[in-house]
Amino acid sequence: VGCGSKAPKDGDNQPAPKADTSWQDIKDKGEFVVGLDDAFPPMGFRDKNNEIIGFDIELAKEAAKRMGVDVKFQAISWDAKTDELDSGNIDVIWNGLTITEERKNEMLFTDPYIKDYQIIIVPANSPIKTKADLAGKKIGIQAASSAIEAVEADKETFDVIKDNLLQFDTNDMALRDLRGGGLQAVIVDEVVGLYYVQNHPNEFKVLNENFGMEYFGVGLRKGDKAFQAELNKTLAAMKNDGTASRISEKWLGKDIINK
Amino acid sequence: MEYIITLMPSMLKGWTVTLQLFFIVLIFALPLGVVMGIARLSHFKPLAWFMELYVWLFRGTPLLLQLLFWYFGLMVIGLRVERETAVYLAFVLNYAAYLAEIFRSGIQSIEKGQYEAADVLGLSQRQTMTKIILPQVFKRVIPPVGNEVINLVKDTALVYVIAISELSRAARIHAVRDDTLIPFAIAALFYLLMTAVVQQFFKWLESRLDYYR
Amino acid sequence: MYILQAQDIYKKFNSTEVLKGISLQVEKGEVIAIIGPSGSGKSTFLRCLNRLETIDRGRIEIQGGIMVENDAGGRAVYSSEKDIARMRQKMGMVFQSFNLFPHMSVLENLMLAPLLVNKADPDQARETALALLNKVGLENNANSYPFELSGGMQQRVAIARALALNPDIMCFDEPTSALDPELTGEVLQVMKDLAMEHMTMVVVTHEIGFAREVAQRVIFMDEGLIVEEGKAEEVLLNPCQERTRNFLSKVLMAR
Amino acid sequence: MEYIITLMPSMLKGWTVTLQLFFIVLIFALPLGVVMGIARLSHFKPLAWFMELYVWLFRGTPLLLQLLFWYFGLMVIGLRVERETAVYLAFVLNYAAYLAEIFRSGIQSIEKGQYEAADVLGLSQRQTMTKIILPQVFKRVIPPVGNEVINLVKDTALVYVIAISELSRAARIHAVRDDTLIPFAIAALFYLLMTAVVQQFFKWLESRLDYYR
Amino acid sequence: MYILQAQDIYKKFNSTEVLKGISLQVEKGEVIAIIGPSGSGKSTFLRCLNRLETIDRGRIEIQGGIMVENDAGGRAVYSSEKDIARMRQKMGMVFQSFNLFPHMSVLENLMLAPLLVNKADPDQARETALALLNKVGLENNANSYPFELSGGMQQRVAIARALALNPDIMCFDEPTSALDPELTGEVLQVMKDLAMEHMTMVVVTHEIGFAREVAQRVIFMDEGLIVEEGKAEEVLLNPCQERTRNFLSKVLMAR
């Protein structure tokens, strides 16, 4: 301890909670960094030029514009997302991030903006009809994703399939593997799954059963309340004036914005 | 400590995957490497050239890329192979290339005098190879082959990328979920153990062949 | 009748001519020493006799069989592999660097060729091998490995190994030049013994003393040619050629 | 063909990432390797032992695991470093260990006679090291260092696993999306090109030092 | 006055005693040849004089300065590094395997120690070096690298390099045993010239001819002991000891 510094004594009047400067910091920086899984079409993925594009990307860009700052995109490893956030490498996670109870302990979320399901995709000619049929089948799933959380929550199913879950870093690999015959099913976010199924017509079907409904929200560092408020305000405005719906129609073919 | 015990089952499972990959690759790559090493020195030039091209291709590109190629690549062109088959294909073909190079240079390291002595004694080329050259080559290549085998121990971690839950993926999953470095430390210990065992084995092999020099 | 005849041997390595017309006749039981400065082509010549190198031009006859001779165009043409194999069988060769097989015991080194090449009876081969080891004074080292032996012992094993095929001619290429003076003695003694038994021998050597004592004929080579040739005493003690004198005075200076 | 052209921008972008990683790691790992190699032979035993432990640890575990360790590890324990920093840390520390081993054995390969000759001429230990031993070591280690540098070219592909979009990740994303092998082939060509250039460079270096033997 | 005195030198490697009490006095200008069978301890003794090996017991005095002597407990204690360095400076050493610095030209090999150790003036050092090269007959090879030279030339460079520090004593450990007989001559000639100039020399050698011609005194060592010592002609032509006779007959057999 340097000689000039006064160490606060325990039990003394608690230091007032540090003023939340998160929004100010972003403004000072002039930009915020979005962390994302860059193989998660159509929410965030790479085009032919290796540029990151997608629904969430466009949404984030629009929001940034309205907030008067720049936005940068940083591909991250999905299982490191919380740590990337905490370490300050990124400022938000904005890429089909599911709001879950567990994650609420680790980060802040904005208001939900899209409703989503964890669906089960199987080949078109597959005999699999229900969750129960998944027993003994090889099932692809993204590592550290909300899909895993959703499956784990369904105790009954989880117990029969847990030994056959193959964890991929990204969903595109799991889906490709399914198509190639290396897997018999993939559990994935509906938005992504449907996009893939539509791009490969007649090859797949989606089971009627799923692992439950969820919402997407933007994730922020714990404590970044001011930034969260600002984002919520901007997102609400985008929903209200129809911008969000327009973007939804462009990327998802229909308006599924959660108003 | 208790945490470590709860980790063990899944780490051990991952380890089994690693070990299995290790042994199966070795069993196929070693003999293939010998044959390819000899083929590279063949007097039948097209064969020698083909082997040279082969070695160049497989040693000049990352095993990771080869692994992706055999798994997704074959899939993409509609060839259906099991995940395990693709993995073994990638590893065996890659390691055979490295081993071929070792055996080739092992054969070339045998002094000309050995060939000449066999020649003046009237041994045939085949006899010279099997009775004089190869036995000496096997002894000489023990250290570099040992190095490759240690590399294999470590390269098994690569199958990670095609969603096989071997040791390092098991470690990663736990580390991320539980926010701790312990799984990495345990995985590191497993790898160190394996490399140490391999090293000891090759030392022993070397000492076994120490009756001549 | 000559047991070995070489006529007008020419040999190029790439573009440098190393043998420029060498001829040599060897009678049965004769011991011939070849001396000459480094690079003069002594080893190459010896290796040509054995077809360890192929010649470009010339004629080599071994025990009446023709190994190689010129065709009409003056280019050397070799006989069939089978004939050559038969002729080479009768020629033993001992190298400067011993070239024992390190992974085999002394006994295995000696028995290898008789078993593999001559399809000898194993017991018989073992007996012959042991007798030869006795002859070169290594009866106690049958089960040693080459690395366990001194250089002199290794060279004696190499001689025994060559003798195991019961050759009619023995060629030696500087058999002692990798050895200490002390060890040199042992090897030269074995060679002297061989000479006593009237083995035909062609020996490339720097050991002038040995040449004088054991060789009937000495050949002095320089730059791919035979410069001087004759009785050992004459060439060594009283050479006609300036070049020979020059060489000998250098080699003998140390003595 | 046209497809190849459309691919190029993103492959080139990935390649830049690969190249940058390659050069930065080299710049740091090479001198560090020399220093560590000398340190391993230090007469100050604790230093020598520490280096031995270091080399053993880093060569005995997969670089992939080390990469995960630095990437997740530093984050998990709350140390704020850029993701690139973690990558460089992992690669530099790993390669320094390999290079240290090469330099150590290079130093030990110099004949005792060179030390003795320097000794009887009255050279100090430091003079012997800098004037007699190291210059010869640098020449001798060129081939093994060349091999390591080629390994580095290929190991850059590993950063793939932490979502850095280098060459092989770019290839995989395209191959999987567009259902074609072409991106893998292009990536392979890039790697072969890089390894060939490295090989040529080290050949040239070797020939430059061929004025003595 | 002796220029070099060694008394009762004992030296063990691990548990085997290699020197078992060797004493030697060398007068200025004397040439001493040490002969003896392989493993008898000749090299070890020479290396002890130079402190390339440390002795266990005994006393070494160089030009009146004490390098090492026994303490009260009979264990060898060396003088300060500085004193020893000064004494070693005056002793040149030539090895069997030349040990030239391969990455330096001949001239650089010769100039290295004068520049680094004696802080000589570079021009002066170059001049001396060139003069020495002239002396050993290599004035045209100043800019060659060692690998470009024959073994004999390399050994002559090694001698010149040792001479460049202007030593009072020169030690040679089998300077020609890695050389062909032809090349041996060149090196021995250089050594003879040195002897003519009254350089004090201690030479371990197998070249009996050279020893007879050049050495004043010959020492025959065996199994770590001096078995016989005396005038060159006496020891070499008329040795008293059985062991000496035995050794000489073996070494001379080849000649």
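Order of writing sets the labels: A, B, C, D and E. Residues in every chain begin at 1.
We adopt the following convention: a residue touches a chain if its C-beta (ideal position, glycine included) is under 8 Å from a C-beta of that chain, and two chains touch if they have at least 3 such contacts.
On a predicted model such as this, the values are computed, not experimentally measured, just so you know.
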Every chain in contact with both chain B and chain E is listed here as C, D
The chains touching both chain B and chain C are none
The larger set of C-beta contacts, choosing between D-E and A-B, lies at D-E
Cα rotation angle, chain B onto chain D, in degrees to the nearest 5, is 180
Rounded to the nearest Å, the gap separating the Cα centres of chain A and chain E is 81
Note: chain E sits from chain C at a C-alpha centroid distance in Å of 37
In whole angstrom, the CA-centroid distance of chain D from chain E equals 46
Here the gap between chain A and chain C, centre to centre from mean Cα coordinates and rounded to Å, is 84
Chain E residues touching 2+ other chains are none
Flagged in chain B as touching 2+ other chains are 72, 76, 161, 172, 176
Multi-partner residues in chain A (2 or more other chains touched) are 80, 169, 173, 176
Chain pairs that touch, by label, are A-B, A-D, B-C, B-D, C-E, D-E
Per the touch rule, the chain D residues reaching chain B in their complex are 56-57, 59-65, 68-69, 72-73, 76-77, 150, 154-158, 160-161, 168, 171-172, 175-176, 179-181, 184, 187-188, 191-192, 195-196
Listed in rising order, the residues of chain E that touch chain C in the complex are 37-38, 176-177, 180-182, 184-185, 188-189, 206-210, 247, 250-251, 253-255
The answer for chain D against chain A in the complex is residues 6-7, 9-11, 13-14, 71-72, 74-76, 78-83, 161-165, 170, 172-174, 176-177
So, in the complex, the side of chain D touching chain E is made of residues 111, 113-114, 116-117, 119-123, 127, 131-132, 135-136, 139, 211-213
Per the touch rule above, chain C residues touching chain B in the complex are 50, 52, 85, 88-89, 91-93, 95, 97, 99-104, 112-113, 116-117, 145-147, 161-162, 165
